[in-house]
Amino acid sequence: MFQVRIHGRGGQGVVSAAEMLSVAAFLEDKHAQAFPSFGSERMGAPVMAFCRIDSKEIRLREPVMNPDALIIQDPTLLHQVDLFSGVTTEGLILINSTRSFAELGIGDFVEGFHPDLLCTVPATELALKHVGRPLPNAALLGGFAAVCDQVRLESVFAAIREKFSGKVAEGNVAAAREAFEIVMKEREEASHA
Amino acid sequence: MLKQTEGSHAIAESVALCRPEVICAYPITPQTHIVEGLGEMVKAGELQNCEFINVESEFAALSVAIGASAAGARTYTATASQGLLFMAEAVYNAAGLGLPIVMTIGNRAIGAPINIWNDHTDSMSMRDAGWIQLYAETNQEAADLHIQAFRLAEELSMPVMVCVDGFILTHAYERLDIPTQEQVDAYLPPFEPRQVLDPSEPVSIGAMVGPEAFMEVRYLAHHKQMRALELIPQLSAEFRQVFGRDSGGLMRTYRAEDAKTIVVALGSVNGTIKDVIDELRDEGYAIGAATILSFRPFPSEELHELLSHAKRLVVIEKSLAVGIGGIVSHNLRMALSGISLHAYTVVAGLGGRPITKSSLRSLFERALRDELEPLTFLDLNQSAVDRELEREKARRRSGPSAENILRDLAGGAR
Amino acid sequence: MELQPIKFYQTGTFTVGNRLLDADQRSVQANMERTNSLNSGHRACQGCGEALGARYAIDAAMRASNNQVIACNATGCLEVFSTPYPETSWQIPWIHSLFGNAAAVATGVMAAMKVKGRKDVRVIAQGGDGGTTDIGFGCLSGMFDRNDDVLYICYDNQAYMNTGVQRSSATPPAARTATTMALGPEPGAVFGQGKNVPLIAMAHGIPYVATASVAYLRDLEAKVSRAMTVRGARYIHILVPCPLGWGAAPHDTIKLARLAVETGLFPLFEAEHGEVTSSNKIRHRVPVEEYLKPQKRFAHLFGKTPAVDTLARIQEMADRNIRKFRLMDERRHG
């Protein structure tokens, strides 16, 4: 079972991100379970959502406490909330930021992690560019498809199109595609370096 | 059709397939998405021949449902927590009048302290109101139970509550199968009321009944629930024939055949329990589980049969009967007549406290060694409780205890 | 349903006078074909204003709807005296659910009729003042707010008579009840702001509101008939004296109901969409003492030292009503 925890702030589409990720996994004939951290938080408050992906029925109903992957939609949470609770050095960390892990001040923390499981994506900028609103969730899922083999980019597109429609859907698809390409390009450059 | 969707949305779709004629809606977390979904379907014209009424309170919601059902309409509403308490008088009334209303409960704690998260205190408070109470383990089952609930309610002419764990199920996206209209139509015939307000055949409903007949009327309500003990398994079997999957019934067991230790629980926590049971079984322990699906009527005979060979019973309760312990355990005592075993009550998950696999595992290990107290509060922060008791001892005006505990946990206790 | 033949003595005193009127203007009660919706043999007290008001109102509604009426009743005297089962007095489909939910139950019945395509069936909710102005007020306001197609009739006898005469929000100032005793420096119910539900109903902007009295039964029938021509939420508030609760002789029910109107304490009017459209003029104005004196609930105002100040305040209330609702013929008096 693969477990994802998504952190962000109310209004950033954190819950939708988990739901879309579960739909993407479902479209690949996997079992998936997405649920929010059940808060009564308002806009701007720290929120969490979870997604489990497995090849068999998921019966477990506890919150995700030991995530295999962490998606951080808002880097301003980094030094405010215990985002990394339960994450091991085997874990994947995807952060919405234009900066590197070192620049974000967590270079020391991620020492010992697999470098290819650490990734930052300028998701807010991509969302502003393609959707016109600072909703980074779709772009981050595009980035997630690039660093993690749990879901394919096409499934992420399909999930986005299930959640949104028309121009909003296509804008989000474009943001996800560009995020995916940015990560793949970085990877390629890193492997040639 | 197989799809990945939110529990609330699946319930809304399932209810819509039952062709409800009147739906009354009042918002309360965490059931709100269900009635929102239905309202959308009515407004968009997808659900036709249905009146969707926004009322001013839960009391009105169920009162409108009473009027609609008495006038012969298939009627649905949903509520939770404080909302269920606010309509309590009408809850008893709907059952007393024998009106086949179906109501979803998005299970949630009762305040004070105010709390929006899941436990079973709300529906448990209405367990003796005369409604049938079914508890769903998964969202597939939640969706399926609503279809069975209308059939059951209308055959018996009594109301049914379908209890679904708030947030844990209502807000969870899962894979499930939404049946077709043809399947539901084949299973659920049109509503033929036993009693109806009709100008061409006037009757008085809701008259005052004195001591000469009241006992008999109440007994008949009990008798109907005893009939439900037979009907619920039949309807579940019939459901399997039409829809091709197991859903509902009175109770279901998991790896309980030769189990010396049986864990009993209601609702979604059974998923996590099964995962733990698998681990312990792999390690050679004879442990199994039973999910109670129908809490009213209570399947005493089935539970008696199951427990007659067990040595230990662990009841996981998402509600607290303050002053005695557990409600489910208390009900189980009737089924334990003549059986001698160690019975443990475990109050867990109150107000949304996560019931984790690791906590359940260590709990079951202690039970297997018979080291549990008769009444255990799972993952209770005893030291926080003790500190508040100390504060109360130290000062007469120690202040509101809920706020004191919160301040204490935030590290700012005075 | 089958019509029950009405005996001549049941048609009331208007029968003779009615013969002078055109057929369509005759009293419903005078018609030997009327339904007798609330049948004789019920257990109301002698001189019960509510039983009288309910029979006239429901029969008029039945005539106006071609006998297609379903009634929803709040808990209270009317419910209790009419249905000590199996002796129901209701000849129409009737449901009693709870004290505070008659309006909501009626909404439900209305919704069921709508979905079943039975727009010909009309729904009435009814209750006393406690079930309307107090405990049922939330449901009533909700029904108004949604403009549900329900006629709500409040039979106002100004206290909780069913439970033994306790104060309600419709109890008038200074009145003695079991919970506003005639004791202390200010005996009886307090002078509050009152809770004028007809005016509150008007504030919802519903299509029709009226007040009526069992002293003016033709007016009552006319208002019910008028209400039945309208779709949407409608409210009729009927003053129904209670001999037991008011401490009055059973044979004075009609007289007291008339005095309440003639003093100006209970103005009779109609309103549409929040505006008063007509009021019944007082032809013979009387001072409030004349209305209060025959009622034991006001006896403490007329002791050795009459409560002059209190009586003046009650007279002020009447005067204010007369101005506000234009109850006097202005050409003659003003």
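We call the chains A, B and C, going by the order they appear; numbering starts again at 1 in every chain.
Basically, a residue touches a chain if its C-beta (ideal position, glycine included) is under 8 Å from a C-beta of that chain, and two chains touch if they have at least 3 such contacts.
Keep in mind that what you see is a predicted model, and the values were worked out from it rather than measured.
Chemist: Find me the chain with the mean Cα position closest to the mean of all the protein Cα atoms on display.
Modeler: Per-chain C-alpha centroids ranked by distance to the global centroid put B first.
Chemist: Of all chains present, which has the mean Cα position farthest from that of chain A?
Modeler: C
Chemist: What whole-Å value do you get for the distance between chain A and chain B if each is reduced to the mean of its CA atoms?
Modeler: Comparing mean C-alpha positions, chain B is 34 Å from chain A.
Chemist: What whole-number Å value describes the gap between the mean CA coordinates of chain B and chain C?
Modeler: Comparing mean C-alpha positions, chain C is 44 Å from chain B.
Chemist: Rounded to a whole Å, what is the gap between the Cα centroids of chain A and chain C?
Modeler: Between these chains, centre-to-centre, one finds 66 Å.
Chemist: So which stretches of chain B touch two or more other chains?
Modeler: none
Chemist: Within the complex, which stretch of chain B touches chain A?
Modeler: Contacts found on chain B: 3-4, 6, 29, 116-118, 167-168, 171-175, 268-272, 274-275, 352, 354-357.
Chemist: Can you name the residues of chain B that touch chain C in the complex?
Modeler: Answer in residue numbers: 21-22, 24, 49-51, 53-57, 59-60, 63-73, 75, 89-90, 93, 97, 197-210, 213.
Chemist: So in the complex, which bits of chain C are touching chain B?
Modeler: 1, 67-70, 72-73, 79-80, 83-86, 88, 90-98, 100-101, 104-116, 121, 138-139, 141-142, 145-146
Chemist: Provide the residue numbers of chain A that touch chain B in the complex, in ascending order.
Modeler: These residues of chain A touch chain B: 18-19, 22-23, 25-27, 31-36, 38, 40, 58-63, 65.
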